[in-house]
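Per-chain residue numbering starts at 1, and chain names A, B, C and D are given in the order in which the chains are listed.
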Amino acid sequence: MTTRKTAELLELYERMYLIRQVELRLGRLFADGEVPGFIHLSIGQEAIATGVASVLRADDSVASTHRGHGHALAKGVDVERFFLELMAKEEGMCKGRGGSMHVADLSIGMLGANAIVGASIPIALGSALAHQVRGTDALAVAFFGDGAMAEGTLHESLNMAALWQLPLVFVCENNGWAEFSPTSRQFVASLDKLAGAFGIPYARADGRDVQAVAKASERAVAAVRAGKGPRVLEFTTHRFRGHYEGDPQKYRDADELSGLGEHDPLSLLEPRLAKAGVADAQLQSLHEAVDARVDAAVERARKGSAPDFEAGRADVYTQTGAA
Amino acid sequence: MTTRKTAELLELYERMYLIRQVELRLGRLFADGEVPGFIHLSIGQEAIATGVASVLRADDSVASTHRGHGHALAKGVDVERFFLELMAKEEGMCKGRGGSMHVADLSIGMLGANAIVGASIPIALGSALAHQVRGTDALAVAFFGDGAMAEGTLHESLNMAALWQLPLVFVCENNGWAEFSPTSRQFVASLDKLAGAFGIPYARADGRDVQAVAKASERAVAAVRAGKGPRVLEFTTHRFRGHYEGDPQKYRDADELSGLGEHDPLSLLEPRLAKAGVADAQLQSLHEAVDARVDAAVERARKGSAPDFEAGRADVYTQTGAA
Amino acid sequence: MAEVRFGKAINLALADALEQDPAVFLFGEDIADVGGPFGATRGLKDRFGDRVRDTPISEASMANAAVGAALSGLKPVLEIMFMDFMTLTMDALVNQAAKVRYMFGGQASVPMVVRTPHGGGISAGPQHSQCLEAWFAHVPGLKVICPSNPADAYGLLRAAIADPDPVVFVENKALYAMKGELAEGAGPESIGKARTVRAGRDATVVAYGAAVHTAERAAGQLAEQGLEVEVLDLRSIQPWDEAAVMESLARTHRLLIVHEAVEAFGVGAEIAARIGEIGFDELDAPIMRIASPFVPVPFAPSLEKAYQPDAEAVIAAVRKLCA
Amino acid sequence: MAEVRFGKAINLALADALEQDPAVFLFGEDIADVGGPFGATRGLKDRFGDRVRDTPISEASMANAAVGAALSGLKPVLEIMFMDFMTLTMDALVNQAAKVRYMFGGQASVPMVVRTPHGGGISAGPQHSQCLEAWFAHVPGLKVICPSNPADAYGLLRAAIADPDPVVFVENKALYAMKGELAEGAGPESIGKARTVRAGRDATVVAYGAAVHTAERAAGQLAEQGLEVEVLDLRSIQPWDEAAVMESLARTHRLLIVHEAVEAFGVGAEIAARIGEIGFDELDAPIMRIASPFVPVPFAPSLEKAYQPDAEAVIAAVRKLCA
C-alpha cells in the first residue's frame, strides 16, 4: 500500500476515533449531569459519517438528524465549540441555545442536526436546489435513519430530486432501530426498490466499513457532481447504545447487545492498518493525541460561561441597520 | 350474453350516464350562476367511479377527492340532495355548507369529497383500520388523482396499509393532468413500482372501460375482503373538461382536446350493449328516464331554501344532552 | 382515594376507556410495546392487544387515519410524542377533523383525541418544548384541554375520549411525575369548567397546565405579604370558562393570566381581550399576562430558566396589579 | 404613478426582485407555465427561466426545501396556493425557518418568503377560505404581513423578499382584482409600520387586509352620521405597530379591531390584550372586536355573507363604542 493510501486510511481512522471518543466522553458527561437535555449517540455508526464526509468538499452541504454528532464532527466542526454547545455554554457553536440536536456550522456547510425526524431530507433537497440554481458544482447530503423512511418527506424529496435532477445524495443510516422498535415492524419497503421506483440509482454498502462507505460515496458523489442527478446510498450499521443516553434498552435482547462489539468499525480497521504498516506505537500516539484533544476540549468547555438570555433575544430576528 | 349480464351492463351504463348528465347539467348551472364556488367535473372519467363502486357493498367506505361527484353518485348518494347541496340549499346533503368539494353521505360510507389533495388516502386508511379493528369484512377505498401521488401521504399510507394488512383499495385515477400541468412533469415514479416497493399487489386497467374497471376492482376487492391486505389499482383515463369549470385550458393543445371524444367511456359501451341485444329504443328510454330524473332533481333543488347561518352554528360541535 | 402520579392517571383513564368501550383504539409511536416515551401507555397492549398499536413515524397520515377511523366507528386516541410534531398533523386536525361535522351538515361527529405533551424545563430544546395550544383554540370544531393535576388528567381524558368531537389533549411534560389524589370510581369530568384552586379577594390569576402550580406558589408567597389571590385553573382552553373568570373578577376586580406558552398571540390574549370587553366595568387595573417571551425555547438550563415564567414574575405582576 | 391591480403589483414586485437579485428564486404549484391560479406570477418564467419553477404537489417538502435553499444562498419565494394548505408546511415554518437563527446562535438567517392567499367571499368552502395568520404571529422568528392595496402589496412584498428573516406574506383573495396607484420607481416599504387610512377623532379602527376596506366603508357611513373614525391599516401583523395604535388611541380613546379571521384566539385578541394593558388609562370604552364567528367558513353564498364581518357590524360596534 502506498504511503498516500496509508495516510488516507489513518485519517479515516483518526476521524472515527475522534467521533468515538467525543461520544464516549459525552456519555460520561451526561451521566455526571454535565451535559443537560438528552443526547443520542452514534457510537458504532462512525464509519458512515466519516466515510461520506471524506469525499465531500467544504462547500458541499449536509443536513443531519437527531443523531448528528458524527455528521457534524466528520464535516469538520470545531471540537471545542462542539463540547461548549453540548455543555450549554455561551461560547458553544450555537451559544447554548440548540444543544445536541441542533449542532450546526453554516460556514462549513453543516446545516444542522435536526430534532424532527424526516426534516433533514427536504432541507438538504433545498440546499441542493440552491447549489443547482447558483450554478456551482457543490452538492448536498441528506442523512436520515431507517425509521425516517416512514415520513412522507422521503417520498416527496425522492420525487423532487429526481424530477429536478438535483445534486443530492440521500444517505440512509440503517441501524435497524427506530427508537425502541425494530424498523422492520415499522417500514415495509426496501429503500432499493423505492429509489428504483423514482429512477434514482441506489447503492448499498457495509456501514461498518469506512472504506466501503467512502468508496460507495465517492462513486455517488462523482456522479452527482457531474450533473447526473441524485443518488441514494444505504449503509447498514449498528446502534451500540440506547436510543438516548439513559435508555435502559429492555426491548433489546441480551444476545444482540453482547454481540455488538463484532460490528465495531474501529476494530474492523485495525488489522488493515497493521497490514498497511502502521505500527502499534503510531496508533497509540494517534489515540493519545485525540484523547488529549478531547480532554482539552472538555476542560475548555467546562470553563465556558453561562449564556445570557437577554442578549440572545437580539438573535430571534436578524439585526439590520435599517429600521 | 345472459340476461343477468345484460342487466348488469345496463346498470353500469345507466350509472355512468347519470353521472355524465348530472355533471353536464352542473356545467350549465355553473355557467348560469346557479352553482356557486368552483367545481371540478369528472366527465370522461365516469367508468372508474362506476366500475369500482359496482363491486362495493353499502358498508364499504369511500374517501374521495376534489373531483368527487362521480364517486358520490356511484356510491349512491341521493341525486336531489346532491343538486340541493351544489346549489347551496339548506336541504342539500351538507346543508349547503360544503358544496362540490365536500359532498358526503356517511350513511352509505361516502366519507366525502375532499378539497385537500392527498388527504383522501390516509382518511380511507383510517376507515380501513376501523373495519379491521371492528372485525367486519367491510373495506375502504381511497380515490386519488395522479397529481396526488406527489404528496407524502401516499407513501405513508402505502406503508401503513401494507404493515397492518388493512382492508384498503388504493384507486388512482390517472388522467395525466394535475391542474394545468401534465403529471409527467410533476411525478417521476410509476405507481406500479411504488406499490411493488411496499409489496402491495398492483393492477392497471383501461379507465375508459367500465367492465375492465369492474373486473380489476372485483379481483382486488375479493382479495382485500378475504383478508389478504391492501391492493393498488391504477386506471388511465381522460379529463374531458378543464381543471375547473371556466378553465380556458390554454395549456392543452388543440389536438388533445379535439381527440378526447375517442376516449368516451359511454360511447365505448354502446356497441357492447347493442351486441348484448339492447335495442336502441331501450337505451333511448333509459336516457329519457335519467334525463327526467336529473331535470326533476334540478327543479327540486331550485326550490330549496337558503340555509340559515344562525341555526347552523349548532353543528360546529355535537349537541349533547349533557352539559 | 388513592395517590397516583399524573402519568399514571393518564394510563388509568386510557385503560378504563378501553375497558368500557370497545370502540376505543390507541395508536402512536412506541406506545404499545414499550408503553410510550413517558410511560403513559405502559401495560395497555398486554391488556388490550391489537387495540393498542405502535405506528411508523408518519404523523401526518396517522392523524388523518384517526379522522377516517372516527368516521367509521372507532374512537381513536392518537399520541403525538411532542407537541412540536403536531406541526405535521395540522391538515388532519384543522381541515378535516375540525370541519367534518359542520361541513357535512351535521351528519357525523369525529370522536377522536390527540394526546400530546408540551412544555419545557427538561432542556429538550427549541423543537421539543413548544406550547402551541393557541393554534387549536383558534379553530372552530376543535376542543382543547390541558389538565394541571392527576385527578383532572384522569377525568378530563375520560371526558375527551367520550366526547363526540375532536379533542386536542395537552399534557405538560413537567407534570408527568406529579402526585395527587384520584378518587375511587372517578369518571369523566365535564369539559369547559374552570376550577378554583385557591380563593382570594385581591386579584384573580387564571392559569392552566403547569402554570397553575406557578400561580399557586406565587399565591402562597403573596399571602404571606398580605395579598389574597384567587387562582383559577382553566382546565379547558377551548371552550374556556368565561363565566367563572367573570364571577371571580366581579369580586377581585383585577386579573392576571399566566401560561407557559409564548405571550404574543397566545391563549392569554383571548382571555384578556374577551374579559377586557365584557368585564370592562369590573376592572380596577389593566389585565396583565405573564407568559413566555417572544423567543424560541432555548436548550441551556440557565437560558430555559430565564425563559420560563416563574412565581417571581407572577408575584411582581400581582403586586403591580394591586398597587 | 400608474394604476395597477393588486395581483399585478405582486407580479411586479416579484419581477423586480428577480431582476435585481440573482438569489431570488420562485417556486410553487402551477406558478411557472401558467402563471399561478390567481395569475400573480404570469410571465415570470418567460423572463427568468429556471428561476421560476412549477413544483409537484408536495407542500411539506417544498417549504422545507425553501429553508434549505435559504441556508445555502438563495432567497426563495414559495407560493402556497391557499392558506388552508399551509397546514402542510407547519414543520418547515415553525420548527425550522423560525428557529434556525436563534437556535444556531445567530450564525445564519433564513431569507425566505411564503406567499399565500387567505379569505373567503368566493364560495370556496371550508378548506379553501381560512385566515390562519394568528398561528404564524404566535411563532417567534417569523414575520407576518398582510397588505390591503396594490402599493403596499408591491412595497411590502419587496421588503419581505429583501428581509433576511422568514416572512409569511398573506394576500387576501378578494383583493387580487382591486385597482390602486403604484408610484414609478417604488421600492421596498419598511415592515412593521401601520398606515393611517383615514383620520378621525371619535374612535380608532384597526384592520388589515381586506378588512381595511370594510372599515373604510363603515367609516364613510359613520361620517355621514357624525362620527369621525380613524382607520389604521396594520399592514404587518408580526411585528405590529403598537406605537401607531397607541398614538391614535391617545386621541380617540376608543378602539375597535376588525379582521376577517375568526375572532376567538385571532390576531385581534393580541392587539386588544396588549393595548388593553398598556393603554388602559386611555380607554373610555372596552376594546371591541369585529371578526368572523367561531364557525368554519361555509360554502353557500348566503351563509358566507352571514359569516363574513361586514361594514354594518363595524358601524354597530363603533356606535356602541361611542354611545
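For the reader, a short list of remarks on this structure follows.
Quick note on the criterion: a residue touches a chain if its C-beta (ideal position, glycine included) is under 8 Å from a C-beta of that chain, and two chains touch if they have at least 3 such contacts.
Since we're looking at a predicted model, the values are computed, not measured.
Ranking every chain by how far its Cα centroid lies from the centroid of subunit A, the top place goes to B. Judged by contacting C-beta pairs, the busier of the interfaces B-C and B-D is B-C.
If you average the Cα atoms of subunit A and of subunit B, the two centres end up 46 Å apart. Spacing of subunit B relative to subunit C, judged by their CA centroids, is 40 angstrom.
Remark: subunit A and subunit C have CA centroids separated by 36 Å (rounded to whole angstrom).
For subunit A, residues touching at least two other chains, in rising order: 94, 96-98, 102, 114-116, 150-153, 156, 159, 163, 185-187, 312, 316.
Touching two or more other chains at once are residues 55-56, 58, 60-61, 84-85, 91, 95, 102-103, 125-127, 140-141, 293-296, 298-299 of subunit C.
Residues of subunit A that touch subunit D in their complex: 61, 63, 92-98, 102, 104-107, 109, 111-112, 114-116, 119, 121-131, 133-134, 140, 152-153, 156-157, 159-160, 163-164, 312, 314-318, 320, 322-323.
Taken in their complex, subunit C has these residues touching subunit D: 60, 84-85, 87-88, 90-91, 94-95, 98-99, 102-103, 125-127, 130, 132, 134-135, 137-141, 238, 261-262, 264-270, 272-274, 276-278, 280, 283, 285-289, 293-296, 298-299.
On the side of subunit A, the complex with subunit B involves touching residues 150-156, 158-159, 162-163, 185-190, 193-194, 196-199.
Taken together, the subunit A residues at the contact with subunit C in this complex read 36-38, 88-89, 94, 96-102, 114-118, 147-148, 150-152, 178-181, 185-187, 250-251, 306-307, 309-310, 312-313, 316.
Across the interface of their complex, subunit B is touched by residues 23, 25, 50-51, 53, 55-56, 58, 60-74, 76, 91-92, 95-96, 100-109, 140-141, 143, 164-165, 190, 192 of subunit C.
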